[in-house]
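Before anything else, here is the set of structures, which you'll find just below.
Two complexes come next, and they have one chain in common, chain A, joined by chain B in the first and chain C in the second.
Now for the complex of A and B:
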């Protein structure tokens, strides 16, 4: 399988000190894959992505994107990649349509019809309104639509559904799947486990700049599923709910500890969600 | 690459025309030119203007056309009305038989009136250039120094306006956060900077030519003018970038460009008022040299060598400033 992205021992510090926002990160993404980068906010997801697309200077490590070495970025590379930003960034003084018409002309490759993209993200009828008058969600959709305009081979999506209402988020999810079926490789950054669970072929769990694990959601569930115990117990007179993995992260010890020292209300095993697996692997929530 | 640079420029121009502040800035030079004309009226033309009755004496018309700008009107009333207008046009009307009288408004300079009197007399006696040993010279007048000063200042001022628009456009990109999107297209960093800079050349060039045309400087060497304008715009472009990068607010960015007014007006005042031994104080200001170069352009007395010398000095100073500011500009646009 052809590798579209190769990252080896990537480090990044915003202040050029030992305080790493990205700390020794390595992974590879195969052609046609949807790769999810999951972690709570501040984990270093956007930082990693920004280095991969050249928005942040590579400080240490090896990065190859679409066959280009990021140390010596060639402008041509940008014909092959697209990126939807976490914070929408479109020209407020131009209409939605003008934004796309302008952007498409910057590329040297065949581009998509702006109106087609506008319809895809449900902005038709609003294309002649200045983007400055769009709602936050509409701007976000325009930014998302723009990222597809050059038919990218690798598509970087930074929190593509965050802050959108569920119906629209579902629409965005469908578009990502459709594009992926056409062969587009997707690097998806999110703290939304449902999106990741439904879309990703493989996920990386990242916390505090470090990757804790890389695997497919399916395998993770096989491994961790049914080995999760939900317990309701009394602690200092209050009813508390907790989940313990019997596989990873010292969950077993903690479970024994709870059983020994507290009064148990209910206790049962169940299939883990990706979110619960994340928590039990990293010991951290996703917010 | 050139295509993409032009594309970035086109976008800036389109958005600038839509925005009230930038549109206003674009219109300012025209207002300047009109104001200058009001202050120093009637020198639009360097040739004498005469108005005649149409069909009355075609031979006379042909004769006058050799030496003056001739307007033809159909009735005596129309001619009288025309003469009463603000400029210095003079009427020549038949007074029965073969005689003519000169119709003036009263405020025309004597030499124009005398010139027209002479022409009328020469025509009457059938004297052509071939009959005379004396040459009838064109009464081109010197340009009033005050007008030259105002036009010169206005021309340099427009370069600052160009810088102002650049600053505003950069603030726009920063607030919309769109620079990162441009960086993710196959446009190089330098291409982006070049595209953003074009506005700073376009505004002064177009404005200066508007000012020159409106104020009547039509017989100057336009290549010389172009060279002086383009070199003077570099410094304003650089400051425009820096102000755009340093400010997040449109009004502050435009307002801080006022910093350039001080050296501009300072060096002009210095050039005009201070003795030669103090002139060196202004040598570091590029506007000083532009002003000197423009002066030659406006009085049509500069040689290519003069113009290249002044433009070259301006370019030299600007390059030094560029070398100092370039890293900050590059970094500021990341």
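Now for the complex of A and C:
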């Protein structure tokens, strides 16, 4: 399988000190796959993406994107890359259509019809309104649409559905799937387990700048599924609910401890959600 | 090609932003000030009011002496208004001053009061000694008072005065050229500050606006270079400064200036200043943070104005402040026989310096894209 992105021992510190926002991160993304960074806010997801697209300077580590070593970024590389930002950034003084018309001229490759993209993200009818007058969600959709304009081979999506209402988020997910079916490699970041679960071929759990695990959601659930135990028990007279993994994170020991020392009300095994797996692996929630 | 697209987009954007119109309006206001507020030729000759309280014979001798110094050797009858009354006077215009010979002490006193100018009452006492009485205004320096006293004690100090007078250095602002009138004299100042220095602020304003919208990041992930983006900004700003400079210059100066040199110099000095603005903005997140640095730059850039209006004060360090060179260059450009080699050398220097700063600014911007 061809590798579209290769990252080895990547570190980044905003203040050039020992306080790493990205700490010894290594991973690879194969051609045609949807790869997700799942982690709470502040985990280092955007920082990693920004290094990969050259918005942040590479400090330490090896990074290859679409065959280009990003130590020496070439403009040509961006013909193959699309980037949708977490915070929308469009020209407020230009209309939605003008924004895309201008942006397409900044590439050397065949670009897509702006109107086609505007229709895809459901902004048709609004294309001649100044982007400055768009709502937050509309701006976000325009930023998202813009990132597809050069038919990217690698598509970076930083929190693609965050802050969108569910119907629009579903629309965005569909577009990501469609584009991926056409062969586009996707690297997305999210703190939403549903996105990771529904879209990603593989996810990396990231917390405090470190990757804790990389696997496919399916395999993770198989591995952790059935092996999660929900227990209701009395502690100091009060009914307490808790989940224990029998696979990772010392869950087994805690479960034994509870059974030995407390009165159990109910106890079932169940299929774990990605978030529960995340918690049991990293000891941290997603928010 | 991408550079052209960026440039034309910046042009469209700036036509939608009000900074562009502020600049235009500023230029028009400056022009109106030049045309309607600044008199074309300010009367710089000093006026002297004298009342000769002397015997007829002496008065006539004095008048005859004055007449010999008069430019056209004709005595003009003039009327001087002061304190609501009109006084008759004989006006002699010498090379240095206009001398009004008054008919009465009352006239002298009234004028001294209302015009706030020193006046002289000359009379003879019983011993036929000539007495000069000066009506000063209170703001004269001790030096001047001493000088007057020494002056009237000629026998004692004549040599000293003469020697001193001969040693006063006189520097001419316009060597071998025709002097500008006041209106023309202000043009280099307006061009320097409207054209070149405004660029510094306008480009900062544009960049910070884009920074707040996150535009530069979006630009950075295209196959176009960040320097295209920066250069298009400079291009638009230079174009604006050419337009506004013409608005100010053409109506006042007509065809006299060397317009080719003007355009060249506006482009190179504008490039320099705008690059400087870019470099400055690369260190700050928003316009408020950058105020301190901007303020210091302004203070330094304003300094050469002092030397422009007071040529006797021009220490060497002022001459290397860019705005000094701009003032001088604009002066040469609008003069009849302006020194074009100076302008060319200055243009070259600004182009080279500007390029260095631009490269540095570009480097800084690439490093701080995610800010």
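The definition used in the following text is that the second predicted complex is superposed on the first by the 283 of 287 C-alpha atoms of A that agree within 3 Å, B and C clash if a C-alpha of one lies under 4 Å from a C-alpha of the other, contacts with A are read in each partner's own complex, and residues count from 1 in each chain.
In this text, a contact is a pair of C-beta atoms (placed from the backbone, for glycine too) under 8 Å apart; a residue touches a chain by one contact, two chains touch by 3 or more.
Please read these numbers as outputs of a predicted model, since none were measured by experiment.
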*Report clash or fit for the pair chain B and chain C bound to chain A in the combined superposed model.*
clash
*In the overlay, answer first, second, both or neither for which of chain B and chain C A:53 touches.*
both
*Pick one for A:93: touches chain B only (first), chain C only (second), both, or neither.*
both
*Taking the superposition as given, does A:75 touch the first partner, chain B, the second, chain C, both, or neither?*
both
*Who does A:235 touch here: chain B (first), chain C (second), both, or neither?*
neither
*Please indicate which partner A:105 is in contact with in the superposed arrangement: first for chain B, second for chain C, both, or neither.*
both
*Touch check for A:219: first (chain B), second (chain C), both, or neither?*
neither
*Can you list the residues of chain A that touch chain B in one structure and chain C in the other?*
53-55, 75-79, 81, 83, 85, 87, 89-94, 102-103, 105-108, 146, 150
*Write out the stretch or stretches of chain C touching chain A in their complex.*
2, 5-6, 9, 12-13, 16-17, 213-215, 217-225, 367, 369-370
*If you look only at chain A, which of its residues touch chain C in the complex?*
50, 53-57, 75-79, 81, 83, 85, 87-94, 102-103, 105-109, 143, 146, 150
*For chain A, which residues are in contact with chain B within the complex?*
53-55, 75-79, 81-83, 85, 87, 89-94, 102-103, 105-108, 146, 150
*asked:* With touch defined as at the start, can you tell me which chain B residues reach chain A in the complex?
replied: 4, 7, 11, 14-15, 18-19, 172, 175-178, 180-188, 334
